[in-house]
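So, here come the structures, one by one.
Here subunit A shows up in two complexes: once beside subunit B, once beside subunit C.
After this line comes the complex of A and B, so read on.
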């Protein structure tokens, strides 16, 4: 496999509804932005690009099968190769990795990954039903279940196992909303307090409306290339492009029904799931032994085995041993405040059980941003500096690619240029991670991006 | 499609019928044709006795289509004494009284009415066992 660079990206305006354009038009906004940013004319880029991967979750929202080929045509990419990727909420993250594979394998020198979702084209209740169809329609959906209910049951168990509190969950929302305040692409621009989150309408106890991301219309695109592809783009544009390299990819899966998840013992956890820095640390071993002695089993529904596997593989490939201290920021899939907390643990930023206190500690906050809350610790690895899904929005097929675009800009040091505001630029960011997550943790992908010296 | 699905699932919904592995004794709900424990394909039907305990739960105050009238209602994950876990509504109890670990038993109740044909779906729910903790 050969080195792959993420040279550019674009994100459309995320909004509750984009009645002004068709899905193809919204994709083109993001695609045009990515091309402009490397200093190429549309025609020049079209001549160089080898093909694409399209990312969208649902056929129901736009009531159109084969939407991908319509976007491909609209972007002027026919007859170049292309295909669609679908994996629930992780569709965008999987698409990014498929484009990576196209380049890494030698099949393409320049590949564009684009994604979209236009969820406003149906009523909210209908949208909720379409999303609920991504759970077992024979056994889980018919009993009155839907996604907020599934995540509520997960966090209820997390609270029981570890003592996680609703205030710790709300701290995630306060953080992500405050970050999004300086991100012009975000759907929500609002300052929140812990009280605001808890006082907003209850959806499924303990999750309130402000613990949950919103449905959106939006699109995102990234351009990936090989060294040869980079040379072609630089020659055409007449300028050197920043080197942001994809240094690790990982994926994991788990059963559709949360009820079918394993409840494994300590030895199985250490052997199959522990990260190297956990498995080798005596104190951490003792910590976990104590958890198991109290009746904890892994992963149950409080943890995402797929997320752990994805992180573990990506870290191994990128040579990361201590994720909290070796990754400068993470854009992760915070569809719920609770799932951000669960994901801290899966990605090894803290140990299983420590996600709640970690959320409120300040370690995952941005330096130099006033959150209006007292934080005990200094920022170490900001999580969702963009505002995440909770405040940016979650146009499913675009979401994972939006994370990639924000990560590329962070590593390029170009946040000020793209956001017209430097507040969210992490100084001297060298390595970032993006995390894309489907269903109740069914497909998860983690990719690592690094700035090359 | 819904009519056929509801008919096909009647043994599960009315009688909590799953499968048991003839080789290693592992039990499954919903039914599986391959044992996840020993990979045997030799399984037979098994009717669960419907006793278990609450593993986790939530109270839904906003509902998906067809369940609006039921709000607020409780959905839980029930760990059956015989092994498998199943998602189901918890009934005959005040939401504030539900606890993880609480003993429950299966009952058959109306789940919902829907569609132009007014299809009425019956299925399992679980209710607390008196004095069961």
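After this line comes the complex of A and C, so read on.
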């Protein structure tokens, strides 16, 4: 497979509603931004780009099938190749990887990945109904019919297994909101305290409204290319572009119905799911043996096996052995504060069971942001420096690509230029990870991006 | 050839019949004169946003899972089992995930324990009138997977993590609606029906 570079990106300002434009117009905002940022005119890029991948989750929100081709023609990309990718909340992350495949395989030299969702077309509770249709309509939807309820069940189990607290969850919300305060693309700009999070209306116990991301209208686009594609873009734009390389790709899946997920024993975990740094460490082995002795089983409903598999594959490909210390930042899928905590564990930033204390430790916080709380540890690997889904919003098909765009800007060192504020620039960021996640952990993708030396 | 009036020679209308169904607009502000300036000014126009209904009747087959629903409507709780490995599913599944074998129907225990739960204070539009409700995954002795259900008889205002592990028993709707909610669970100490 060929090396693939992520050269550029654009994001529309995420908003609760964008009635001023149709979805095509919102996509074009992100698309034009990505093109302009590499110094190209619309027509120049159209001549060079080989094709596209479109990302959006639901046909229901717009009551429009084939929205992908409507964006494609609006962007003037016809008759070039293109297709739509759909995988629930992970749609954007999967789209990024499909574009990567198009380039890595040699099929394209330049591929644009664009994604969107316009969720304002129905009322919030109808939107929740549409989202819940992404659960088994024979066995899950008629009983719960509410994604926040599904995730809340997962977290009650997490709390029971590990003693995770609601304050630890709230710490994630505070962190992500405080980060987003300096991100002009974020839907929400407010400073919060742990008390604010706990005092906001209860949605599905123990998750409050501020533990949960918001619905959004938005779009994002990224441009991926081969070495040859990079040369073409640089020649047309007359400037050298920063080399941000995609060095790892991983994906995993799990059963749609949480009830079907396995409850595996220690040996199976070590053999199939443990990360190398866990499987080789005697102390960690002893830690896990103790967990299993207490009745812990993997993944159960408290852990995302798909996230672990995605991380494991991506780390192997990128040569990462110690994710916490070898990744400079992660943009991960925090649709819920609880799922950010669960994802710390899946991605090996800490061990299973340690996600709660990790969230409140400071290790995943940003240096230079005042969170209004005393943190015990220094930042090691900031998680969701952008503010994540919780504060930026979650226009599903755009979300995974938004993460890619923010990661590209971090690695380019251009956050100040794009955010008009340098607060969220991680100094000398060399390697970042993006993590996209669908319905209770059914599809998960992890991609690793690195600044080439 | 069409004539100037509303019908042609064959009495076929040349004008579309109109009715009073759906959205009807009587007046949308618009420039009186269309010139270069007023056409340019159209870009400043507020977006037109309208609300429209959408309703569908689906013909939904439970397929190979149908006996489960037939069971519930007869107050019988069925699951599936791999004929060789014995792996047992509390939520019906026609084929075993690990062997690929077609599964058999077995009767499940009607007593279990809460494995995980939440109280939904909000919900999807369809279920909003039912909030707050207790949603839970139930584990059963000798059964390998869980079952998603509603718990009745617990006070949502007294929510506690200690509900996990609580013993519960199955109860059925008197009149089946052919939904998985035909069965629900109540605490073991709930009054007999």
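The rule we apply is simple: the second predicted complex is superposed on the first by the 451 of 453 C-alpha atoms of A that agree within 3 Å, B and C clash if a C-alpha of one lies under 4 Å from a C-alpha of the other, contacts with A are read in each partner's own complex, and residues count from 1 in each chain.
The definition used in the following text is that a residue touches a chain if its C-beta (ideal position, glycine included) is under 8 Å from a C-beta of that chain, and two chains touch if they have at least 3 such contacts.
Just so it is clear, the structure is predicted and the values come from calculations on it, not from any experiment.
Student: What does the overlay on subunit A give for subunit B and subunit C, a clash or a fit?
Tutor: Overlaying the two complexes on subunit A (C-alpha atoms) leaves subunit C and subunit B clashing.
Student: In the overlaid three-chain picture, which partner chain does A:396 touch, first (subunit B) or second (subunit C), both, or neither?
Tutor: It touches nothing on subunit B or subunit C.
Student: Tell me which partner A:205 touches in the superposition: subunit B (first), subunit C (second), both or neither.
Tutor: In the superposition, A:205 contacts both subunit B and subunit C.
Student: Is A:63 touching the first partner subunit B, the second partner subunit C, both, or neither of them?
Tutor: Once the two structures are laid over each other on A, A:63 reaches subunit C alone.
Student: In the overlay, answer first, second, both or neither for which of subunit B and subunit C A:139 touches.
Tutor: Touch status of A:139: both partners.
Student: Classify the contacts of A:301 with the two partner chains as first (subunit B alone), second (subunit C alone), both, or neither.
Tutor: In the superposition, A:301 touches subunit B and subunit C alike.
Student: A:20 contacts which: subunit B (first), subunit C (second), both, neither?
Tutor: Once the two structures are laid over each other on A, A:20 reaches subunit C alone.
Student: Looking at subunit A, which partner touches more of its residues: subunit C or subunit B?
Tutor: Greater contact footprint in residues on subunit A: C.
Student: Kindly classify A:85 by the partners it touches after superposition: subunit B alone (first), subunit C alone (second), both, or neither?
Tutor: A:85 sits against neither subunit B nor subunit C.
Student: Quick check for you: in the superposed arrangement, does A:152 touch first (subunit B), second (subunit C), both or neither?
Tutor: Touch status of A:152: both partners.
Student: So, A:128: does it touch subunit B (first), subunit C (second), both, or neither?
Tutor: Both subunit B and subunit C are touched by A:128.
Student: For subunit A, what residues appear in both contact lists, the one with subunit B and the one with subunit C?
Tutor: Correct list for subunit A: 125-126, 128-129, 132, 137-140, 142-146, 148-149, 152-154, 156-157, 160, 201-205, 207, 257-260, 301.
Student: In the complex formed with subunit B, which residues of subunit A make contact?
Tutor: Touch list, subunit A to subunit B: 125-126, 128-129, 132, 137-146, 148-149, 152-154, 156-157, 160, 201-207, 257-260, 301.
Student: Please give the residue numbers of subunit B that touch subunit A in the complex, ascending.
Tutor: Where subunit B meets subunit A, its residues are 5, 9, 12, 30, 55-65, 67, 70, 73, 75-77, 84-89, 95, 100, 111-112, 121, 123, 125.
Student: Report the residues of subunit C in contact with subunit A in the complex, numbered from low to high.
Tutor: 47, 49, 54, 60, 62, 65, 89-93, 97, 115-128, 135-137, 144-150, 156, 159, 161, 164-165, 179-181
Student: Which residues of subunit A touch subunit C in their complex?
Tutor: Residues of subunit A touching subunit C: 19-21, 63, 123, 125-126, 128-129, 132, 137-140, 142-146, 148-149, 152-154, 156-157, 159-160, 201-205, 207, 255, 257-263, 301-302.
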